[in-house]
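The structures considered in this document are given below.
Shared between the two complexes below is subunit A, which pairs with subunit B and subunit C, respectively.
Let's look at the complex of A and B:
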């Protein structure tokens, strides 16, 4: 069953160093307490976490903000279904197309959109085939704060073999 | 389009303009609800016409929620239109437009109708609907469903609910056709299958049959192979070879050690032996390891043979004659002192790379900056052997003209490439893309095949040129008819499979084929290159040079059977990406997959047949349920064969486990232990279930054979049967064991691996080999000394020497023994683990198993339930006894026994006195405890089985 919001929201909260209340399903909407307010909806929870932490991962102008919101929705509606092999292929393929010309999802800097997708993709990254996603993912995982306690995924296998083949 | 940025989801297009900051949270919540709940529901129920009551109900709840929100204000968030209104209205619009649906869903909810109608009247909305003609009803939502490809509505708990509701196992759907096929196949018996070919002394290809030649990369001789090497080539190739033999193909599986080259010379210098001695030493180590792992080579040879020299020189001359060789002068460092040209590894000096001042760079690579180095560019080069300064000399070398061979290679590759593993294809394509360059194939060395041309006789072939020729020469060492494999006559087809780790791919995909094609003598070229990725150790890397990880020799010393090693290595085979070896995972996979799944299924079935059907396969009257099981297993069988034919060995193992999982569920669902006590009809049913389970066990015995040969053999003995043939073109499950077939004695196939053992092994194999050696060398030398001294004492005594003479020697002996004992204690973690570890874990297991049996019996379970457990218990006891017998034989310590005996007597006196004096229990109890501990220790040391005896009594009551 899909990647659960509890997972990635907790990673985000811990990255932003904000305390996240227990997440419950209220009328099929995810709700939780942040600070002393009750927030409903995954998007709102993420935005509240950002506000609370005063981090610089949010967008700076309305266009960026709309783009971020769009990617968050992409994550929450589509990317969470990545656990099914068919979807995995589709999602990585789509993202690979996106990253062919981009370093980050929105604008030219790291935003919460990248962070969210990183946490959702975390356990499903396939190497070798999707070079652009791999490059983006590898770039992100170098940030130890962002990566937290997750293992680094090793991407450079074939490349090394072809550039420096072993000899004995 | 806004600012040339494309926003691809309509809702966000909408948020972009209306200024509604103060309500943004409310709006966002609504938008999210629309995206995650409302749209999927609509798409699923209306677009997909799904008749799922639950999902329909969800949609109604959503509508009610919307209706309730609109109760409060005119619009969704109050009295003004926001993006939420626009988005949700658009989503609802097709429903609203369709009279039928509108009547069914919306008419009962007045707030929604009112809101929809009022928005529809707004001029902007009118404009929009006039531009975009939206079709009402199902068509639009169907488009939504199709467009949002993975919009699968989340149905929480449904799958869990199903499991709870029905005690029956989830039966996967099986088509009518599959059922019929399964039924038809079941009517056949094993005699209708073709016979499995008997192994021949020399396997040769035959015209019109399938002939498979399998090689695994030749391991380099200067080291002990680690688990990564083993799974990378020999073990993978072995599974494939065994599978190929089961399919009745004429299968030749060869391998050998690669012995020529600089690395051997280096190693020989290191160990102070001659090159030939080094090769002999390591060849033996290699063959022993592979023997322990049950690698079924038809022949395991080596490259330092006369056959190698002859074939290598022949092939060179053919290539030379065909114009694919040329000579060129090459600058090389020459050491006057040693009178030889220095290979890259024999020179050291300052790193020539700018910015790196590393002084001890090697001739091929600098350890300081990690960059590749050209040995002639080193600053202040020196010979690694004598440290004098080498001079630059030019010498003529042969080059193979790869650019000239490229067209031939391209043509060949077009046909062969599709059969390779994905990584092999990628690596090869990168090589070709960079363009092929001429490659130097000769070297000024001594240890190798000499070049057979005047002026070059002092030189030898470079190791990559001669190593792959080893495949041919080893075949020749196996049979004089090797040409039938390597240059087959027309009409005979030989398919060559080569297994290797990915670092070896270019040699097999570009260089070796180029050589064979260039010779133009109709050599067999590879059709399937099967390359693996790397296996990591825990979280680091296996390293031969640094000695990190588990080596072939180590695996034997853990006490874990080779079949379990094979199973685990194949289970984690690094097929499409690197994988990791982990001790914990090894134990988990053994306990969960082998013991609880596979072993449990087989043992349950066979023990049941033994206890209830007098060790014979009962009469079977299969029903639709049974054919369903057989159809499901046929599916797995087909998938297994498909996987193995592509050498996807990792997948193959999963299909085996899937069959036993089906079997377990089947047995659980049918509960033969209940049926067997019921009516006659139910008894027949029980017989059918057990009979089919025995037949599945028989199928599994064959399918397991490539992976776990020992286990398969033991299972076949229990079933009193032999391997069956696999016919890839016609895969079906026939009645392998007919009713009345006599079965053998069942016993458990697998043992549990305790976490205590895992922890010890983890500690034991942490760090590098060097570290480990230092720990155990002490013990070994001490042991040797003790043995020597003991011999001395014995000769003295038997020689009838005076006590004065041998007494001091005895003292020395006792002292040595004491030392050894402390060393063993300190080293109980680091030292040789086999017996200690085994003893402990088995004792622990025994205690646990005894507990289990007792609990089962006391709970009044049926005999059929506890009988298998008792069998396990007895088996464990037998094991413990054998180990205990080994331990004391090796190290009976007379002094120890004496000391303990004295202590026991002493402590016995203390206890007796206390009791006699009428002391209270609280006073004497601790002393009694002490006495018991001492007695136990004594028992252990002297090899009697007091602790087991205790368990014996309890086990049998």
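Let's look at the complex of A and C:
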């Protein structure tokens, strides 16, 4: 089992306010209709949604665009396997390292890369231990447009843990 | 929307607060053209608008006036920056207060480095669980604290020092890379290696900061913190080298002065000391341009007078009781005769925060520390700064003479650490009052405005 593309693509489409056609599996490639074009491949779908929306979540220079591409790939190829406890640990560990020195994945602003990872991690966020990921996640979920109908994950205990660390 | 004119000297981190806030709010804030620090803000016109005479100061297009950087920043910002509810707004005030008390750039230089560490630790643990200081967006709190940390990050907090504060670093980096911050601050380069003297550009500041770190290292030694010891060892060593270098420089200058006095036009003697590590550092340093180069050159005779007047300050100034008054008067006569008011100016300075002065020896260190940071000014300036009163009831004031008619400190970033803590008044070289004042300060006598007796004096030359 993996996190299915339908789960996050719909959230992204709704955040970007773009109409997303039905997602079908054609010869093991996800395709869907955006606008009046048929797009195949999850990465292409995300980029098309972004282009369609003209939102400011894309990168501004080639380097940022490349980094965003990398993180989208990381998300749709690798992070979607987060439902496996072993992977979960590894992914959160990796991201925790990344967010130790960065506020957002790419550059110094919110991009589609953060948004995608947020929707993939949504149901797997572990409190405590991964302070940096939690901080990033908490910051993102305060945006009601981004969070949509999801419940806010309460990180208050995180704050307590940082003040008075205890062993589990 | 707020629109108006901001008065400040260039690169003022306090003014930057208001300018960044204005960037976010898209408020139309212009910087006053032709602002000359020490002149514009001392003019009658300015003082009637802003009685404190301090900058940054703000004048709205419809003729309202505001002082204090935080107040101005608040005024020109938008609702997002001001906080979305009462609790957020209260927290923002809390952080602005924190910035003022703990993370002040200028204060940080003067205070023990420990305080800076404490402040950064507080920030670091807050930023572990928070992306920004208040709420989930950048607010005035972030702007205020980041601007106060701007100079420390640029000049003091080298990678080794800032390493334990990863969350603060991340937060600071994110902020200075926001387009609104960049529009005001440009690209901010973080202090790269204060621990290696070869890379030191800001000599004065670095010496001072290393001074502070060095002191701290010693404290920790006593506390048996072995780990920290190792951390500071390297820095202390560099610090010692720099102190050595400064002393040597001074020794050499003194020698040169003595040679001049004998009027021996011999070639300058090669320094007899062997080159040591300190000299090597000296040599490796890029030769800095003298900020006074742009000034018209004064009559040589003035330099000679200065040398003459100050050649033996210890013999005739300190023991002014023993020196016949006549002789002193003669010296001053020669000074006034040769003083060149077109190329030199006389200034009176007064320490702004006398209520903060406690022990006399600490206040003296404050003065000598300032002199040390102004090292490069020695060629073109001299002064006598005096401390009046006793422990817990004292004031600092002094008389300065330097080349040029403007306040000299903005000429070099090295010199801008201390001067803001003083009020500067330009004196009229021809008036009797000035003469009296100058003679009082240079003969180390009399009392201050509050009738406190002269306690100690320091000469900068």
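Assume the second predicted complex is superposed on the first by the 158 of 168 C-alpha atoms of A that agree within 3 Å, B and C clash if a C-alpha of one lies under 4 Å from a C-alpha of the other, contacts with A are read in each partner's own complex, and residues count from 1 in each chain.
Note that in this section a residue touches a chain if its C-beta (ideal position, glycine included) is under 8 Å from a C-beta of that chain, and two chains touch if they have at least 3 such contacts.
Please read these numbers as outputs of a predicted model, since none were measured by experiment.
Subunit B and subunit C, once both complexes are superposed via subunit A, fit side by side.
When the two structures are aligned on the shared chain, A:84 is found in touch with subunit B, with no touch to subunit C.
Look at A:102: by the touch rule set out above, it reaches subunit C but stays clear of subunit B. Look at A:27: by the touch rule set out above, it reaches subunit B but stays clear of subunit C. Comparing subunit B with subunit C, more residues of subunit A are touched by B. Contacts of A:139 after superposition on the shared chain: subunit C is touched, whereas subunit B is not.
In the superposition on chain A, A:44 makes contact with subunit B only, while subunit C stays out of contact range.
Using the contact criterion defined above for the overlaid structures, shared-chain residue A:124 touches neither subunit B nor subunit C, since it reaches no partner. The superposed three-chain arrangement places the nearest Cα atoms of subunit B and subunit C 7 Å from each other. Applying the stated touch rule to the two superposed structures, the overlap between the subunit B and subunit C interfaces on subunit A comprises residues 158, 162.
By the touch criterion given at the top, residues 1-2, 25, 27-29, 39-44, 47, 62-63, 66-67, 69-70, 73-74, 76-78, 81, 84, 86-87, 90-91, 126-128, 151, 154, 157-158, 161-162, 164-168 of subunit A touch subunit B in their complex.
By the touch criterion stated above, subunit C contacts subunit A in their complex at residues 125, 128-132, 135-136, 166, 169-171, 173-174, 177-178.
Residues 2-3, 5, 7-9, 11-13, 15-16, 25, 28-29, 31-33, 35-37, 58, 61, 65, 148-152, 154, 156, 159, 220, 261-263, 364, 372, 422-423, 426-427, 430-431, 434, 463-464, 502-506, 533-534, 539, 576-578 of subunit B are the ones touching subunit A in the complex. Listed in rising order, the residues of subunit A touching subunit C in the complex are 99-104, 107-109, 131-132, 134-136, 138-139, 142-143, 155, 158-159, 162-163.
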